[in-house]
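Pasting the structures here.
Shared between the two complexes below is chain A, which has chain B as its partner in the first and chain C in the second.
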Partner chain A sequence: MLTKRKFEEFFFQILMVISTIFVLGSLLLILGTVLWRGLPALNLAMLTQTPQGGYYLGKEGGILNAILGSLCLAGGATTVAVTLSLPIALYLRIYPVPHFTRDWIRLSLDILWGIPSIVYGAIGFTVMIFLGIRASLLGGIIVLSLLELPIMVRGMEEAINMVPKELLESSYALGATRFETAFKVVVRQTLPGLVTAILLAFGRGIGDAAAVLFTAGYTDNLPTSLLRPVASLPLAVFFQLGTPFPAVQDRAYAAALVLTVLVLGLSITSRLLSTRFIKNIIR
Partner chain B sequence: MSQALHPKTHSKPHLRIQDLNVWYETHHALRGISVEIPAYGITVIIGPSGCGKTTLLRSLNRLLEEREGIRIIGQVWFNGVNIYDHGVDVTDVRTRMGLLAPKPYPLPLSIYENVAYGRRIHGLDVLDKGNGRNLDLKVEHYLRTAGLWEEVKDRLWTPASALSTGQQQRLCLARALAVEPEVLLCDEPTSALDPISAQAIEEHLISLKENTTIILVTHLLRQARRLADYVIFLWMGELVECGTAKEFFENPKDSRTQAYLMGKIG
Partner chain C sequence: MRFLAIGLGTLVPIFILVLFLRARPILATNSISTLLFSTTWRPSQGSFGFLPFIMGTLSVTIVAMVIAVPLSLLTAIYLAEYIQPGVRAFVMPLIDLLAGIPSVVYGIWGVLTVVPFIQKVAMPFIDRWLGFTPLFQASNPTGYGVLAGGIVLAVMVFPIIIAVAEEVIRAVPMGLREASWSLGASRWQTSRRIVLRRAFPGVIAAVMLGFSRAFGETMAVLMVVGNIVQIPRSIFDAAYPLTALIANNYGEMMSIPLYDAALLGAALILLLVILTFNIGSRLVLARISYS
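Then we have the complex of A and B:
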């Protein structure tokens, strides 16, 4: 007879399988759609040209402006975010921060993480108007870096938390300062984790449309100055999908495909690079 | 006011602990320890688990305060300076006292860089920064001192983590010695090792004691008998008895020491 306990066990096994299938299915559906609709529309001109006259009506041109714009935006924002995140994460874990302070910093980061990106964009826009700055690459970088910051700090902190206390102590016991221990031992030991945190944040940054909508603007030109508007891939997808022409809509999927491949490519490259440093890690 | 430690002079006694009390949160782990540790030779701290051996050892290079919830009251005089005074540079204290931990934790670097790490951060080979030749020689010297050179000379740039546990512990010994410490603190350094590797470490400690003050924590009475020149016996956070090894093992005065040595307690 099927007892209650056996039924529970059976029920949850089924549930787990269904959930897994659902997650994997969604991933395949997304990748499939992007490939199926985007790949036919993708050609060399899309990757090497900026939009020409009538591009959004289905005529000549490409999305080079958005590709380079997105790389500048997310690359710049990630650089800024790393510069801020690494010290915060190391501070929280390596330095003797009072519990109270640590908890508050963490809570603040979690709240920042939860704020929708359109709110970042809106606030960034308000501040920029107040300062008299136009939508620009610089504005986009600043707002995106704020968006990436909490993700990066929390990810790095998780990685640093895995470092055994004894390893830190063996460095201290040699007369090393916390700073030396942090940058010569902890960063090396946790490099794969740090890279993962950076990539996660980069992915979030390059894929976000709402934060750059007001702050970076959009342009058909290539990014040339920090103080001028730049295009971005998420907005390129958005604008092209919004047109009534199927040919342009397909180009939106091609742009999405480019975005996906960029993130994936970067992820794989960095992992390959970081394996060079993994060999010394103490397990 | 900054208070620098004196240059390396071995005036006797080398370390003087005065009324040292340590609390973990509310647990009173060390109760009013006062003892003098002579220069050179091996001073062994023995006692059953939880008696405060490691706590005492780690209070000497101020590593204890890296853990949370620790309160330390008392004085540790080292070369005439109380290391718990304000203005004493904690990294200076630790530079002069090497540590060998129970389980070896090599740094996430190559074998060569593990030994060079301490010398680099303290700029000990700063004179020949250009070619690093002196550093190469020093690394070789300390790897030889720790008896590891022959085994690793062809793979100095491979990860230290690939070594066996016994080799890692000898690497940690080389790494500690490379900073040229006056005192070597050993916290059950053979507890994770096989008997052969343990014997190698013991032999190295004996050969080092001519020029270094070695303080060894162990719960192995046999090891204490083999190595000790001077013994400190702790029981439940209190110092019960201390003295030269001969005196301590042959003519213990306290009844608890007698019981411990006979295997009745601990």
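Then we have the complex of A and C:
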């Protein structure tokens, strides 16, 4: 006999299975769409040439400018962000920080994490006008590094938090200062976790369009100088999708495919790293 | 190291100050109520009413949440309460992958898949059965509109809500479930009346985090939402969210007086709303982890 209770159980189980399939299905659908339009558009010329005759109109050439530009932007931003966030994360975890300061910085990190990238872009653009910098690789790197900072600090902090207290104490007992302990013991011990945080932040930085829209500009040329505008993959997708020419739209699809492969590759690598790359770790 | 850390702590106040100082000229010439409640947007004549954009952002975000919240919560309950650990270990990384996809890729998916689907399938169907209410009227034949933006945003916030909600649901002590089962409650009854009730604050925090992500999302929405300055009446109408306003007009904002102040004012509104939501959800989550 099908009681109300059993029916309810059955009904909601079906609903839950449907929801889960829907969520996973949307992932497949997105990847499928990108592959379906991106793969036919992808060829060697696409990856090794710059667009001919303007990114919006020209039908020949590829997206090399955007690939290299994005790597420069995200690489530069990640370098800046690492140099800033490693000391911050170590400071928060290894040094005696007053309660209020620690809580305040935690809260700031949470808020910074949530600020939309378009707001970062707007603030960055305002400050750049104030300083007299035009849309350039430098501007893009500065804004992206701000965007990556909270992600990286939080990831690194989590990794550093896993270090056993005894290890720190043995280091102090051998006469090492906090500074030596932080940079020689803790960094080595937490390397996989740190690399994971860095890769995650890099992935976030390379995929972001709204922050670089104002600050890095766009160009058909390869990146040559810190003070020149630079192309990026997300903006290559955004601008070239809007043209009426199928050949130019193909470049957008190819750029989207390259971007997706890069970002998902990073995400999977960082996941593998966090489980496998642990040979430096003292247990 | 300390200076770096303290410098990080001053970033948010600095951001607010910068935006406020740059937005002040527009506050000097327009009252806050005109800015927030006027529907006239003619930058060249000096009238800046943000209402269409605020309504655009709200409508897209609300549609997204109406789609995302039930689906994400059902998925989170399923992953936390029903599924075997082996399958879970396979599914959670996939959901994480969804979180990593760049927003322009969501945008492309929206343009190529969601918009045609709405135009050819969803709109005629919904209009036929529910078209008598203004909310579901097929008023815009293109498919670019609030519903398209809402669907794309919903998929973008799935991983956020699912990850946080699943975590708080799994943190509910096992003893509570066992007590409920021993009283003869079914699995779903236990999930809904015991586990969900206990995890409720955390679930609310998860939804708020998802909301603030949807609220601030730019590129994906911009590509599918239609970008017409109007207050959307139907879920098929085109809308113009605040984020799209900033992104679309940065090029010309220097040529019209007060335009830059207005756009940075829009950025300030976004920042303050998101600040409120983030602090709110963190406070809730922090209280849970203490108890």
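Here is the rule we go by: the second predicted complex is superposed on the first by the 234 of 283 C-alpha atoms of A that agree within 3 Å, B and C clash if a C-alpha of one lies under 4 Å from a C-alpha of the other, contacts with A are read in each partner's own complex, and residues count from 1 in each chain.
One rule holds for everything that comes next: a residue touches a chain if its C-beta (ideal position, glycine included) is under 8 Å from a C-beta of that chain, and two chains touch if they have at least 3 such contacts.
Because the structure is a prediction, the values reported are computed rather than measured.
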| item | value |
| --- | --- |
| First (chain B), second (chain C), both or neither touched by A:Ile14 | neither |
| Chain B versus chain C, judged by how many residues of chain A each one touches | C |
| Partner chain in contact with A:Lys6 - chain B first, chain C second, else both or neither | second |
| Partner chain in contact with A:Val23 - chain B first, chain C second, else both or neither | second |
| Touching partner for A:Gly203 - first (chain B), second (chain C), both, neither | second |
| First, second, both or neither for A:Leu227, with chain B first and chain C second | neither |
| First, second, both or neither for A:Leu273, with chain B first and chain C second | neither |
| Residues of chain A at both interfaces, chain B in one complex, chain C in the other | none |
| Touching residues on chain B, where the partner in the complex is chain A | 61, 63, 66-67, 91-92, 94-99, 101, 103, 105-110, 117-118, 121-122, 159-161, 172, 175-176, 179, 185 |
| Touch list for chain A against partner chain C, complex | 5-6, 8-9, 12-13, 15-20, 22-24, 26-27, 29-30, 33-34, 37, 84, 87-88, 90-92, 95, 97, 101, 104-105, 107-119, 121-123, 125-127, 146, 149, 153, 203, 206-210, 213-214, 234, 237-238, 241, 252-253, 256, 259-260, 263-264, 266-268, 271 |
| Contact set on chain A toward chain B in their complex | 164-177, 180, 184-185, 188-189, 279-283 |
| Residues of chain C defined as touching chain A within the complex | 1-2, 4-6, 8-9, 11-12, 15, 18-19, 22, 70-72, 74-75, 77-79, 82, 91, 93-98, 100-109, 111-113, 155, 158, 162, 186-189, 192, 209, 212-213, 215-219, 223, 243, 246-247, 250, 263-264, 267, 270-271, 274-275, 277-279, 282 |
